[in-house]
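Okay, so chain A shows up in both of these, paired with chain B first and chain C after.
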Partner chain A sequence: MPVFKDAEQLYDCIGGVLDYLRTDETVSVAFRKSGLVIRFKYSDPDSEITLDGSQDPITLTCGPCDRAPTVDMTMSADTAHQFWLGKVNLVAALTRGAMKAKGPIPAIMKLLPVITPAYKKYPDILREKGLDNLINV
Partner chain B sequence: MYGYVGRLLEIDLSSRATREINLDPELARAYIGGSGLAARLYLDRLGAPPHPGPLDPAAPLIVMTGPVAGHLLPGTSRFAICGRSPQSGFWGEASCGGFFAPALKAAGYDGLIIVGAAAAPVYLLVENGTAELRDAAELWGSDTYATHDALTARHGAAARTLSIGQAGENLVRYAAIVHDKGHVAGRTGMGAVMGSKRLKAIVALGRGKPPVAAPPALKPLREAVLAKQGENLTSQTIQAYGTDGAMYVGSLMGDVPFRNWSMGEWDDAAIQALDGATMAETILTGSGTCHSCSVACKREVAVSDGPHPVAQGPGPEYETVAAFGSLALVSDLKAIAAANERCNRYGLDTISCGATIAFAIEAVERGLLDEFASSGAISSLSALTWGNSAAILEMVDAIATRRGLGDLLAEGSAAAAARLGPAAAEFDVTVKGLELAMHSPRAYHGLAIGYATAPRGACHNAANVYLMMGGVLYPELGIEEGLPEQSSEGKAFLSAVGQDVACVQNAASFCMLNSLNLSVTELVEALAAITGFPYTLEEISQIGQRLWQLKHGINLLLGATAADDRLPPRLLQPLADGPTAGSVPDMALMLREFYALRDLDATGRPARGRLERVGLGALADALQV
Partner chain C sequence: MALPQLFEFHVRPRILYGPRSVREIGFEANKLGGTRAFIVTDKMLRQVGLAQRVADGLAGSGVTLVGIFDDVPPNSEVKVVEAGAAYAREAGCDLLIALGGGSVMDTAKGMNVLLSEGGSLLDYEGAGLLTRPLKPFIAIPTTAGTGSEVTIAAVIRDEAQGLKLEFNSPFMMPDVAILDPELTLSLPPGLTAATGMDALTHAIETLVSTGTQPLSDALAIGAIKLIAANLRQAVQHGDDLEARGAMLLASNMAGIAFSNAMLGIVHAMAHPCGGRYGVPHGVANSILLPYGMAYNLPTCAPRLAEVAAALGVETRGLDDETAALAGIAAVRQLAADCGLPARLSEVGVPHEGLAQLAADSQGDAMMMTNPNPAGEEDVLALYERAF
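Entry: the complex of A and B
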């Protein structure tokens, strides 16, 4: 059974952590510097979120977005959930195809140190939304 | 023969005699080349006990290429340098990339078997099917970069060199052999073996090239590998940031060691400061490559400011950055680049050197080295503390020249721990006397059994575990899906299969990093296309088993027992924090399963039937099993 019951819940949770990154001072500076437009395409439930670092301020769009992505990250919603909980072997997931990345991989890897502090934030976001039950799934 | 020159050269440095040996095609087919063929040649020369010590003149030093070396497939640059390790006393092998393997074949030989010891320093010139020993008195005492420069000035820019620096001359037990500048056959102390023979260098040059059996078959293989490489995250990261591009992501998995393997996490900014991406933004000046490689993982760096300038040249790779960085809590890439340059010039294995210094820092902290306070190794022994890069660099110099405490540390962590007593054994992080590579068995339990049972000691390349944990699978051999990293279930099988594949890759001369994009089926096809031997998956799998059993059996003949197949105590202590908090490999489970898979009894000795099935009846006789 998928972690998220529908796209709305995914936007609430995964969108929540991405919004935290968008507004965090350190992350936003680094992300703006990269100029990347990252589209996260999820399955189960089908959904997509676009984080646009080519604009100031950075924009976050939950659902279809007109901006052409420079990076497409494709994965199941469950994998995304596990990733933000810090439970995914990123290299193995990308190599084996559980996460698919299309675009400038080195630029994505360079952002990794910037976004990983959100591992600690994600459980807080779930708790704030009363979704403690999702933390250990 | 196809793929091979078909000739080996044996050199007796004591008598200055040389002898050509025709390579038996059946031997080549069964042992392929590299460390595999070298192990068979070593066994043939081992004789009855007592066996010569690693630094005795009679101990052979074998330089061996493989059949794919020098051909137009990505990552076909490697060669092996093998003998009895001065670090472990057991089987030793060091792998190296660069351009020497095709150069040696161009010079007319697949490999060199060197015995004896010269009365005075010499170098060996191998050129177009001829070999000559030349006086090296003027080179003795020079570092490897100066030696390479002097030899290419004498023999031309096309000359490819192997040389030892002061560390090899001084018989530092983890001395390396350096090819040209910055390609290093680092592990197990083969530089000390070369130094014991007063062989300063080997120069290869020539114009020959062995033919390929089926050239049209190679092109689609090459295209397939390149296509996969273009889509492979790891390959792209390595291309952009070198192997050190794995530093930060590795730290997220708990793969990176901190403070002599005693800490589970470190300051995030410090880890970022060590990452390949930071190197690219700070000291990187370019990238370098080996023969026929499209990844180009080699880093070129320069440091012009600060206390430790580094001339434009080879930069550190991940293992070096971790050994002199995270392991010693140094977050200064410039200082690490300086340590790398010194190790390259002296001819020192950066893993063992960095790890031995981290061991020494902990020993200083515990007061176990007080008697060396005025040994003169470095300006102030009390300054040898975590993060003090200046003292660490001084200690590199002291080790290479065996000055003061450096003389003890030149023996390696295990020997130093034995000298310092039981309190030091607690933080001696070696297997079979070889310091651990910079990948944590707490993060990947498969590495634990891989380290414990690798014939040369704690080698991260012996079982391809970190590649498999990074997503590489071998479905043809039963590794069809990933396993949880911090679990010991199923890891004995995974490691055994990985060892078999790695043995073949090494024997053939394939680079591990390029092998990410070469399936086992493609490996078989490549070997068949180049050699003309009608290899099958089954035969290649059996060769992998043969080569592991052969090296393990050589160790038994040299005195190894089951007690040597173990992980050091520190790694069996759980960490309190970080991604591997509480993780301890279940060695009892994995060893039990591994021994069963390899048909070893409780003492580590193989069953005769198993050895005979993989064509090692002679080894069974020697072992009297």
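Entry: the complex of A and C
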């Protein structure tokens, strides 16, 4: 059974952590510097979130977005959930096909060190939304 | 040591080793179902007759050689891959043979993607984008270092963007790798030394990688022993077929090992040196390896002590840290004995470029699996020491 019951719940949780990153000073500076437009495409439930670092302020769109992405990250919603819980090694996930990345991999890797603090934030976001039950899924 | 919770180990391709094993190419091509073979190589290898030896091996097998593409430069480019694929498609090829070093292998991997899936090479930049097997593909390395014949990746420069692009998929791996040490006899001493140190770096970084696991460990240790025992001889007596064979196997073993366990800070620091200043990859690795080992020592002294023992250092009675330091000294000595430079300042890296190199290293995927996390300032300090 998928972790998220529907796209709205995914936007609430995964969108929540991405929104935290968007507004975090350190991450937003690094992300703006990269100029990347990253589209996350999820399955189970089908959904997509676009983080646009090509403009100031950085924008976050839950659902279809007109901006052409520089990087497309495709994965199941469950994999995304595990990733933000800090339980997925990105390199291993890409190698094993649990995640697919279309675009410049080095640019994505460069952002990883700045986004890892959000691993600690994600469980807090789940708790705030009364979804403690998802933390150990 | 605790076993990892979950790991995966790719064992493709099938490997055929032996002097004159290139003669088996026709049999192997036939077995893969190929009927119209196409060779990807470079001009030098064609001139010295190695492409002809592949062609001779195909004779009488029922597999026709329909073309040879020899325009591969030392660092391949998108336009080269696309030109090669167009030529191979026009020739009606249904099986690719890569004969050469890392650049040739990577070019052939890219060509195979285009031949099998169509489109533009840039459509496949990234990881995990291929979903099915490509055309049959045989790799015959003529250098002993990159291990490209057993890896899932290709790095190809896009002149238009001025960037090196990465392509990763298990489907890009060759089906068969033929390791014929006779094909490496003509490799000059400098290149033998640099590629050999590249293989040594693969093996050592595999052992300390956070992605390491018992299967890759065994191959990495085996590779280090072979390199320690044979690299000097292969450099100083290039006609020694035994030493050449041992190095070819060591490169292959280290290639399988790192392809499964990933690498670390030395590669993350060497890649920008190549990208910005054209420092040959093996040379950059050779210079930076002792510094990377020293940086990682606080987090993995027991592992580096194992490296020292595999290098032939007498470690009995030594604590791990002392043994590891002796191993680092042995690596330095090996590089010096092979005539390789010891400093970045000797290979055209300007001091004012070090800060940019440190920034570049932070975007390298290999940094992810380094045991001792390294930020930009840590890396800059290491570059300074290696300068």
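General observations
Everything that follows uses one rule, which is that the second predicted complex is superposed on the first by the 137 of 137 C-alpha atoms of A that agree within 3 Å, B and C clash if a C-alpha of one lies under 4 Å from a C-alpha of the other, contacts with A are read in each partner's own complex, and residues count from 1 in each chain.
By our rule, contacts are C-beta pairs under 8 Å (C-beta built on N, C-alpha and C of every residue); 3 or more make two chains touch, one makes a residue touch a chain.
Quick caveat: nothing in here was measured; it's all calculated off a predicted structure.
In the three-chain model built by superposing on chain A, chain B clashes with chain C. Chain A has more of its residues touched by C than by the other of chain B and chain C. Residue contacts after overlaying the shared chain place A:Gly86 against chain B, while chain C stays out of touching range. Of the two partner chains placed by superposition, chain B and chain C are both touched by A:Thr95.
Of the two partner chains, both chain B and chain C are touched by A:Pro106.
Comparing which residues of chain A touch chain B with which touch chain C, the overlap comprises 89-92, 94-96, 101, 105-106, 109-110, 112-113. Residue ranges on chain B touching chain A, taken from their complex, read 232-234, 236-237, 239-241, 245-246, 248-249, 252-253, 268, 271-272, 275, 277, 469-473, 482, 485, 579. Partner chain A is touched in their complex by these residues of chain C: 8, 125-129, 152, 163, 165-166, 168, 170, 211, 262, 362-365, 367-369, 375.
Those residues of chain A lying in contact with chain B across their complex are 86, 89-96, 101, 105-106, 109-110, 112-113, 116-117.
Contacts from chain A toward chain C in the complex involve residues 71-72, 89-92, 94-97, 99-107, 109-110, 112-113.
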